[in-house]
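Labels for the chains are A, B, C, D and E, by order of writing; each one numbers its residues from 1.
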Amino acid sequence: MSEISWIGWCLKVDLASIIGLVLAILFVFISISLGDAGVASVKAFLDAPSAMITFGGAFAVSLTMQPDIKTFLNCLKSIKLIMKPVKSNEEEVIKQIIDLSNVARKEGLLALEEAANGQIEDEFIKKGILLIVDGTDPEFVRSILETELECIENRHKGTISFWESLGGMGPAWGMIGTLVGLINMLGNLEDINSVGPNMAVALVTTFYGSILANWICTPVATKLKSNNAVEIMLKEIVVEGLLSIQAGENPRIIEEKLKSFVSPERRKNLTSQQEGGEQ
Amino acid sequence: MSEISWIGWCLKVDLASIIGLVLAILFVFISISLGDAGVASVKAFLDAPSAMITFGGAFAVSLTMQPDIKTFLNCLKSIKLIMKPVKSNEEEVIKQIIDLSNVARKEGLLALEEAANGQIEDEFIKKGILLIVDGTDPEFVRSILETELECIENRHKGTISFWESLGGMGPAWGMIGTLVGLINMLGNLEDINSVGPNMAVALVTTFYGSILANWICTPVATKLKSNNAVEIMLKEIVVEGLLSIQAGENPRIIEEKLKSFVSPERRKNLTSQQEGGEQ
Amino acid sequence: MSEISWIGWCLKVDLASIIGLVLAILFVFISISLGDAGVASVKAFLDAPSAMITFGGAFAVSLTMQPDIKTFLNCLKSIKLIMKPVKSNEEEVIKQIIDLSNVARKEGLLALEEAANGQIEDEFIKKGILLIVDGTDPEFVRSILETELECIENRHKGTISFWESLGGMGPAWGMIGTLVGLINMLGNLEDINSVGPNMAVALVTTFYGSILANWICTPVATKLKSNNAVEIMLKEIVVEGLLSIQAGENPRIIEEKLKSFVSPERRKNLTSQQEGGEQ
Amino acid sequence: MSEISWIGWCLKVDLASIIGLVLAILFVFISISLGDAGVASVKAFLDAPSAMITFGGAFAVSLTMQPDIKTFLNCLKSIKLIMKPVKSNEEEVIKQIIDLSNVARKEGLLALEEAANGQIEDEFIKKGILLIVDGTDPEFVRSILETELECIENRHKGTISFWESLGGMGPAWGMIGTLVGLINMLGNLEDINSVGPNMAVALVTTFYGSILANWICTPVATKLKSNNAVEIMLKEIVVEGLLSIQAGENPRIIEEKLKSFVSPERRKNLTSQQEGGEQ
Amino acid sequence: MSEISWIGWCLKVDLASIIGLVLAILFVFISISLGDAGVASVKAFLDAPSAMITFGGAFAVSLTMQPDIKTFLNCLKSIKLIMKPVKSNEEEVIKQIIDLSNVARKEGLLALEEAANGQIEDEFIKKGILLIVDGTDPEFVRSILETELECIENRHKGTISFWESLGGMGPAWGMIGTLVGLINMLGNLEDINSVGPNMAVALVTTFYGSILANWICTPVATKLKSNNAVEIMLKEIVVEGLLSIQAGENPRIIEEKLKSFVSPERRKNLTSQQEGGEQ
């Protein structure tokens, strides 16, 4: 719809995620560079064996925790999800529901099928409409949609707990790495000059573990949790709305009901757009 | 209504919040100044790179956790809310409800509309009254008001969990900063005299992280939680009261019901005022 | 009723609280006095600046967490409550209820009013009886009494969480104090002989924080929680009992019902006293 | 019934508890004896002042947390309970219930009274049978038995939380003792040779705290929790079974119902014994 | 069914568990070997007394926590379960249920018995079918199956909490070992050259504790939790499906209902196979 310009790209990605992650690692980099050796100090923070035991150990046991390798890879890929903005477009969903309720009131429940095939892209709304059009029992429609809601939430929770476990394993394996470094060092103290650098190397694994947990895992888990909350709430609005349509409730009342889900500021916004649309 | 005098200002702000925060930071300042170098010791506690990695890192990943930049800024602004006293004026709300119940009993439910437009400022009570006046089904009034209550609480919880996450990220990034400082220091131990001051600088990030968590984030989160509890309880009183009015219950019984929500001391206070008002 | 003798005083205070707190601080004192300097070692543990940052900081942010200064002071005063023994007199309450049920059975529900004004001191039982005498709907009596129960519990929880927060803030501000001490010390290492004593002073704040948390806050919070559980259980017995009386249940069945709330040993005790009372 | 032989004693005590506790402390003892000074090293781990502040402090504040001294002593005595094996004899209970259901079916509910007085030793089953024989309303029987179940669980939880609190206070007061030792030591560093031994003494309190928590408190609390779960489950089987008997359900169906509570292996075992018993 | 080839073995074991655990310990081994002494460094990490107090202590108190020695051994053996892949074959279960619903619709509920004896291997489905065939009351079928579900989950939770407790006891007893090592060392500081190696030995117990917790216990507990969730969900599908069959619901509707339990991708897969099967 718009040329893929810089602005267009910005609208398509979750700027909060990207800016946050980039800034945080930039601060770490600058902070390291302020050491006595300048930018060369960064070298002291790049240590392959330290990375192996911290990241390797944490990822390996996280693999063990997953049902199979494919699920593990899918969980890793889920990091992309934090780059995709979740538009919490409650207003749009509510308008769709109200439009549908108007159609149902004027042309009957069967007319919803056509509407569903035409405008609606969301698979969840479509499924609900088809159940209604099929004349399914309301109690049953609610039960099917709510089971689906619950299963979506369970799948999301699986991914979230992957990132939380990894965030716990990071510092744990960082500490294991530091213990290995310290024990190796303490067993061979002949060269007293090597104590400082050896200790520095031992601490790098703790540093890696902290970075893994606090730069990646905790933010990703929290973001996914927040995205999940938004998605579940949108779907709850849909369930309430569709059941009201099936019950043949007045569109005005349905609007009132669904507006309780959004904040007062957004609600005003919704009403004005709504009234604009009604002209 | 009153001239903006010193006392007026005190009544308008949350003195507990302000006095607490000011005292705490004052104690830190005095404590620092008691160092060997006197007030000049404060210099050792002001270190821009340390601030960058601790505050920068913590705020950056907190940004990542939020759905978008606007929400992040709103969460930051919510710190102002702890300065605004939340008058837990249950007594006033209960009196309003009882007045409304008297109006409804004497002049009918429709008379509530006028009352609502006149005296009542609270949007939530207004909305409830309009639903009642519209002759909405009681089950439905309850459902709408409770959905709204739940969504208000969810929005509050979003802000509260922002401050809690930030309070967790403060010490975490403080420790990352300290690790960076230690590793840089340990890698270059030639000048043994610089070990002490370097170590001091490394600890400043831990200090910043602790201050961020224990001076700002935890108190703010706890205060907002407590304010939320008061607001939700007031709104629950309103829901119970309005539904009782709609059910045509006796004003005396409604009073008895709502008085269960307040503590015995306040209850007596309520009764006396109430009786005064009835004269 | 009894002369204020030593034994009388012991019966009136919560000896467990007092003995526990006194013994604990005594052990700390003795432990300190066993240092090389004997009792004079205590001096090293008394440091006004350390007290200021640890206690001052912890109390100041705890003030910030409270809705207003008055609530904060009330929470502080609640420490007195752990000195007052909560007699978990389920037996007595059960006997009162059974007596009331006998009165109601023989002389009718209205006769309860007189009984209530005469023997009963507990405000909660009185309120319940008055509601019953007024002929209030049972569903409604339960709802009012349970709302009151919930609000009492909420108020107690507010006080308990004050002590828990303070118990968390103690060690946190103790660590802030220690960091201030360490940073001040590390910045000025010229006099190597002062390192030990300076470090000792820095640790005093951690010591203060631990004492605040583990000598005062955690025990007080736990005690108040336990007292709350006893009080709520007593009130639940009252609610069940009064509703059974209102429903006109057989006093023998009511007794059976309420006896389920107490432990077998106490139950036997109750029965014997009960039978004694019936003679 | 059997001579008090070694095997008999083994069957009467909880071998898991005893072997576990003895082995753990044995390992600690051997580990200490492997120090340079051999068994004499144990001396360094026996320090009365350290024991006083760690155990004394932890037990004293635990006393404060209890409602009265008697409850505190009862909680301490509850450690004996982990020595008594809780036979999770679901099979036996289920067989008793099925026998009772056969009696009730053939000879009527009233015949249960005799059966109860004869075979049954468990007070809880007896109480339930008496309620049934008295012709109590089923809803009411369930309510009485479940209130009792809940109160039993509450009393168990009180004891469990005593051991959990004590397990938290152990390391806390161990740290207070270590801080006292360190501060005393750091204030008097003249004799550099005493630093090592003094530091060792300071660490003994931390050692005592860890032992108290990880050798005694956590295992005892976990064991009591597990015992509680078994006891509650047995009582739930009884409640379900007795209510089914009162409802006059078919013994075969009752058997099916109660068998769901046990694992498949035990279930087979139950069936065979059952059929054996039916021959 | 297939020759026991390498691929066959891979299909039969949980590769994620094995690869994860092997990789993690390999990383630890390589990391140790990178010490100054090369592979010989491993010697410093093998210390029988350290193993005795850390593993011995942790396992001993874990034994104490279990009801009896047999349960303890069973919990230990449960580690094998993480090697067995839990095929989350919701599709297959759903197809079985739909096949059964077709049988029931065409040939009546009694025909299910034959089907159950023929194709079905799962004991839980069999039990449900037999209950239905016996003409058991639906409410009762649900109650029996759900009690069984709950008891299965309770047994799983027992095993999971064993691994969680052991994972907590590992680091705790590692720290006890380190304290023993430090106290022994600090009491005999004459030979300053032995401090480093002694300290290294003291740290080995902390290392063992971390490895026990983060290499074995936490991954095993998490895996078992995830396996439990899959099994419970499969059984919930069975319960819903069987009850729908008993209620005589339309196979198409049952399919729709059960499909809500699986993710959209799998659902498509299910439909295609399903339609293939219907040809």
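One rule holds for everything that comes next: a residue touches a chain if its C-beta (ideal position, glycine included) is under 8 Å from a C-beta of that chain, and two chains touch if they have at least 3 such contacts.
Please read these numbers as outputs of a predicted model, since none were measured by experiment.
Chemist: Count of steps on the shortest touching-chain route from subunit A to subunit D?
Modeler: 2
Chemist: Given a C-alpha superposition of subunit A onto subunit B, how large is the rotation in degrees, taken in steps of 5?
Modeler: 70
Chemist: Could you state the distance in Å from the CA-based centre of subunit B to that of subunit D?
Modeler: Inter-chain centre distance comes to 43 Å.
Chemist: State, to the nearest whole Å, the distance from the C-alpha centre of subunit D to the C-alpha centre of subunit E.
Modeler: Using C-alpha averages as centres, the distance is 26 Å.
Chemist: Take subunit C as the starting point, go toward subunit D, and spell out the full loop of chains.
Modeler: Ring order, starting at subunit C and heading to subunit D first: C, D, E, A, B.
Chemist: Enumerate the contact residues on subunit B facing subunit A in the complex.
Modeler: Touching subunit A: residues 49, 52-53, 56-57, 60-69, 71-72, 123, 131, 136, 140, 143-145, 147-148, 151, 154-155, 158, 165, 168-169, 172-173, 175-177, 179-180, 182-184, 186-189 of subunit B.
Chemist: Within the complex, which stretch of subunit D touches subunit E?
Modeler: These residues of subunit D touch subunit E: 14-17, 19-21, 23-24, 27-28, 30-32, 34-37, 41, 44-45, 82, 85-86, 88, 193, 196-197, 199-200, 203-204, 206-207, 210-211, 213-215, 218-219, 222-223, 226-227, 229-230, 233, 253, 256-257, 260-264.
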